[in-house]
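Here is the structure we will look at, set down as structure tokens.
Chain IDs A, B, C and D follow the sequence of writing; residue 1 opens each chain.
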Amino acid sequence: MPELTFLQAISRGLWEEMEADKSVFLMGEDIGRYGGAFKVTEGFLDRFGPERVLETPLAEEGFVGAAIGAAYVGLRPVVEFQFIDFIACAFDPIVNFACTSRYRWGQAVPVTFRGPWGGATKAGPFHSRNVEMWFAHAPGIKVVAPSTPSDAKGLIKACIRDNDPCLFLEHKALYRRIKEEVPDHSPPIPIGKARIVREGSGLTMVTYGLMVHRCLEALGQLQDLSVELIDLRTIYPLDRGALVESVKKTSKIMVVHEDTRTGGVAGEIAAIVNEEAFEDLDGPVIRVTSPDTPVPSAPSLEEAFLPSVRDIVDAARKLAAY
Amino acid sequence: MPELTFLQAISRGLWEEMEADKSVFLMGEDIGRYGGAFKVTEGFLDRFGPERVLETPLAEEGFVGAAIGAAYVGLRPVVEFQFIDFIACAFDPIVNFACTSRYRWGQAVPVTFRGPWGGATKAGPFHSRNVEMWFAHAPGIKVVAPSTPSDAKGLIKACIRDNDPCLFLEHKALYRRIKEEVPDHSPPIPIGKARIVREGSGLTMVTYGLMVHRCLEALGQLQDLSVELIDLRTIYPLDRGALVESVKKTSKIMVVHEDTRTGGVAGEIAAIVNEEAFEDLDGPVIRVTSPDTPVPSAPSLEEAFLPSVRDIVDAARKLAAY
Amino acid sequence: MKANPATEAPPRAIQLEMYYYLRLTRALDERAQILYRQGKIIGGLFSSLGQEAISIGSAFALEKGDYVGPMIRNSGTVLARGHSAREVMSNYLGKATSPTGGKDNSQHFGDIGRTGVVSCISMLGTLVPVMAGMALGARMKGEKRVALTYVGDGAASTGDFYEGLVFASVQRLPLVVIIENNQYAYSTPTSKQSLLKDLADKSKAFGIPGYVGDGNDVLEVHSITRKCADDAREGRGPQLIEFKTLRMRGHAVHDDASYVPAELFEEWKKKDPIARFERKLRLSREEKESLEGRLKSTVDDAVDFAETSPVPPGEEACRGVFEDDRIVQFTPWWKKDA
Amino acid sequence: MKANPATEAPPRAIQLEMYYYLRLTRALDERAQILYRQGKIIGGLFSSLGQEAISIGSAFALEKGDYVGPMIRNSGTVLARGHSAREVMSNYLGKATSPTGGKDNSQHFGDIGRTGVVSCISMLGTLVPVMAGMALGARMKGEKRVALTYVGDGAASTGDFYEGLVFASVQRLPLVVIIENNQYAYSTPTSKQSLLKDLADKSKAFGIPGYVGDGNDVLEVHSITRKCADDAREGRGPQLIEFKTLRMRGHAVHDDASYVPAELFEEWKKKDPIARFERKLRLSREEKESLEGRLKSTVDDAVDFAETSPVPPGEEACRGVFEDDRIVQFTPWWKKDA
């Protein structure tokens, strides 16, 4: 069984889907001979040719619109943003065109948008943005954010096979940092299902993306507590069932995310837990998030901005002692 | 004291600010001779001339960028979107250019974005959108959404005088529906302060925009309950103090909004109340919102989509009885 | 450049059909105006009065199987490409029987499989890249389809129009974009959108052909569009056409267009595309009678169908966002046994 | 169109300054390359090697008080418009003493009041409408300022570039847009951005003048830009210039540019703008010595300043989003007495 990095797993997932289904093709800047800014599609051009590894001009609104049109006629475009931050340039066609077609006139839009996402890479305000909630709040698109190679491979496949628009977020701080054995031709992993990373009974810790790994680090310092760690994996639709079930068991929940505080998914989870497990709560829902600022560039600033292992440990202890 | 509609109050606010400060000017489509799609700027061209009532080509990214540039050199542009939905077309320059300038290099951007907003007008998916949370989740811009003529006039003035970007949302279902006496040359109303519409001790009902009026209607059927009704008025920054204080008094809180559920401000409020008043809560935070769909056009569908007076009453009774 | 019509006019039988669709478009528009005043139309009503030749001439220039993306003033295109008058009317009235089941309004509907018509969205210019993508998709599937869409003189100012043609030009896609220059974008004259005398010159930014034509001459519209569609189909890449016309009503019903000089209306009234085509066609008595009859029955039936159709049931509001409706359907606990 | 330089070359004293800034730009770039390999540069490093003449020639063509919006390869412009080498270096290193205090990186900084320089953002094309707005604002204030900005051959494909010029052209704003055509957008050759031989022809979409110039001839860059700035200042509206050059390194340090044909590099090496200008200038021994001394001390001082400056303190991360910092500063209860 091959051992794959996070990046290789995504690459393999794309490759296997393209092998399996002629209607799947890639669009984006520099994804051909160059293999993409992070080399996710390295080697694809030679294997699949320039039609299915389609290099675009520097025009996000143009090629996103084109992807929607191609999806209209039955293809399954997978659009790479060189950095996910640039999805802001194509916000309109995604939220207004792709997200509303099925609802308005029954026209499916099987398109996948993907790209390097998130911070902790000293990349500054325009190459580190957490875009997930803009789209979780735009009805009509699914938002997926894996944290392990096997999840990444299984979920990119699910997104490509999904008959609705999907946004697949690839944490670039994980691209080359983590490895895992992932079988060839592994099956898709269902969208909308969270993963219990570690079972526990004392408190529930919910997170996703890079923060899954920071939370695991924190658990090393929380051996004395029985923490249930949940990786959301999908931001929209949220796995309400998994969250509620865990809280009913632990009666305490904290949410950790790299995304900025106001309007982040932690608030949504706080509301869900209130709605469906209020009686079980023995403490407030705690949020450990970034502040409401752009992502600063210098390491000393970015580390102050991001939730730290220390923050996670402190919050967990406070909640446990509550 | 003149009695003004919601629309007239906004218009007066703009007029008085333009009279008072030469650096204030308007940009937008059809705002000159035609006076704007909803006639908010009717008569402005004759009084202030084409330079300060600047009609733009049909290019939102272009004129939003231009407004940012004008603000860079000390002017105070007020940009009208013909319908606020079209702000999606200028999402990138707002969240990336306007919202980050002060943080990145200390350059202020005193610009106000405004436009007709919200549903209940049978206007369909592209003329009814609730855009507030996209921007509440984009650090660097304030989001204001008044529900009365006097608040509208005071808050548009505050936005124009504010030295940071502001998004001013004008519920178009209120434009001509409500009237109020508003003094000439009334002072600005501070951004970030909620308004207690009605005092109460039994439960807190939080809302904003058009839903303030639906909640008032609901209160008519809830005479037997002591409901404290709070109009947020500002979505970002939220008036945490007012919310927490009220919950400490009532120990129960429900949030009503026209915006779709997932990622709506109700979740944020649920989290805030958990963080700062968990001990005081005698019941779950309740959300009465629209579902996660585009805004349907037909009245029968739109009414099913929007929170109804009936929904508000039912939710309030359930919470009161909790 | 001026196009010298490369294709000869269609046979009389086809011309009679074109005439019928011109008349049908206008007749439905007139009925819709009345229904609007009766408060029965959901959303705005955007008239194509005086511009019908652009929709009809271009729609007839396409082959079966071609794709077309109409804007809100192109109900003529929608009809000529195979959507029924019933569909048009019921969508105006937001009925359960309409193509969108009342979820969207106006000319916002389509059916790619049946008619090749794509539903526009309100954000202007956005159809250009989308239609480019449909042309791309068809080519990838080895089909020789052409995609055609329309932008107004206002929408031609959008970045979407530009990026769509940037993409289409480097990909040499079979895309025809028609700029329907009706001299106004809402109340804004074209002089406030561009310094160009001919918006067709925007083609020079992409290195693609650009043509200017008389938008009130249905046969000229047909021949220029036909030539462009043929060229696009033969692999000569995207084509840009500007048809000049005048919007003969306000932007929408509520707008009295007082900002349009009366003389301009006068001048263009004389160029009415239907009257002009009539003079050319010289219909026989028989032709006229059968046509009027067909027209009346079609319009009456459409209006009747739309008016008598049921409104959509509220539950529908929560259906159809995703393939799986359960994602959106959600009943809060306080509503459950309420 | 080809511009016949309307303005004669600047006096030798100025030319010596231009030469100095060309050299300074390149010297700082070379030092930055080393610092990058030492892991000291925050964010990417985008070299202007071989393109310096465009930044310097255009920067010197502007008047004091004009506005300029440089992109990431225009450190030459930033320097020539009055930012110090210390500012450039300390921003690369993300230090507390840098113009952004470490909040942003690369060439992303400016100071409108002091230098008229605007900080770009990474989203390409977005500076065009913003600079148009600055030109508009200056005009409203009765000032005769010109605004100038740059886009690459790739950025010229963006809707922002288009909408910015649509707006500027109908407003007849004093805006000069330079397309810095270095033949590649990252790994993408210009042929995949446009069918045009000369990107300057994009000017025809707006009805504004377009010029093509040799981007490796600093005096030609200066004279064409000067003419355009003068015309813009005199109310002739926006001007578009394409300067042809070649990016002599990869897109950024990590990119070996193996996709660029070796012959192309060879060919353009011969056209090196600094070598060419040197041959023209024939510096005297004295001139050379004083210049080399000034250069070395400036660069050493800048690097030393940047390296020895402190990193920004963490608390700064929560400052400066709004005028009132309290809006953002927030300590959750679990952190309070932690």
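Annotations for the structure displayed:
Please note the rule applied: contacts are C-beta pairs under 8 Å (C-beta built on N, C-alpha and C of every residue); 3 or more make two chains touch, one makes a residue touch a chain.
All values reported here derive from a predicted model rather than from experimental measurement.
Steps from chain A to chain C, taking the shortest chain of touch contacts, total 1.
As a whole-number value, the distance joining the C-alpha centres of chain C and chain D reads 44 Å. Mean C-alpha position of chain B lies 39 Å from that of chain D.
Centroid to centroid, with C-alpha atoms defining each point, chain B and chain C lie 35 Å apart.
Each of the following residues of chain A touches two or more other chains: 57, 59, 61-62, 85, 88-89, 92, 96, 100, 103-104, 125-126, 139-140, 275, 286-287, 292-294, 296. Among the residues of chain D, those touching two or more other chains are numbered 100, 103-104, 108, 121-123, 157-160, 162-163, 166, 170, 192-194, 321, 327-328, 332-333. Shown here, the protein chains touch in all possible pairs. Residues of chain B that touch chain A in their complex: 85, 88-89, 91-92, 95-96, 99-100, 103-104, 125-126, 133-134, 136-140, 236, 238, 260, 262-271, 274-275, 278, 283-287, 292-294, 296. Residues of chain A touching chain D in their complex: 29-30, 32-34, 37, 55, 57-59, 61-62, 82-83, 85-86, 88-89, 122-127, 261, 286-288, 291-294, 296-305, 311, 314-315, 318-319. Only residues 67, 99-100, 103-104, 108-112, 118-119, 121-123, 126, 128-138, 140-141, 147, 159-160, 162-164, 166-167, 170, 320-323, 327-328, 332-333 of chain C touch chain A when the two sit together in their complex.
Within the complex formed with chain D, the chain B residues making contact are 25, 51-52, 56-57, 59-75, 77, 92-93, 96-97, 100-108, 139-140, 142, 162-164, 192, 237, 275-276. If you check the complex, the residues on chain C that touch chain B are 42-44, 94-95, 100-106, 108, 121-125, 154-155, 157-159, 185-188, 192-194, 259, 311-318, 321, 327-330, 332-335, 338.
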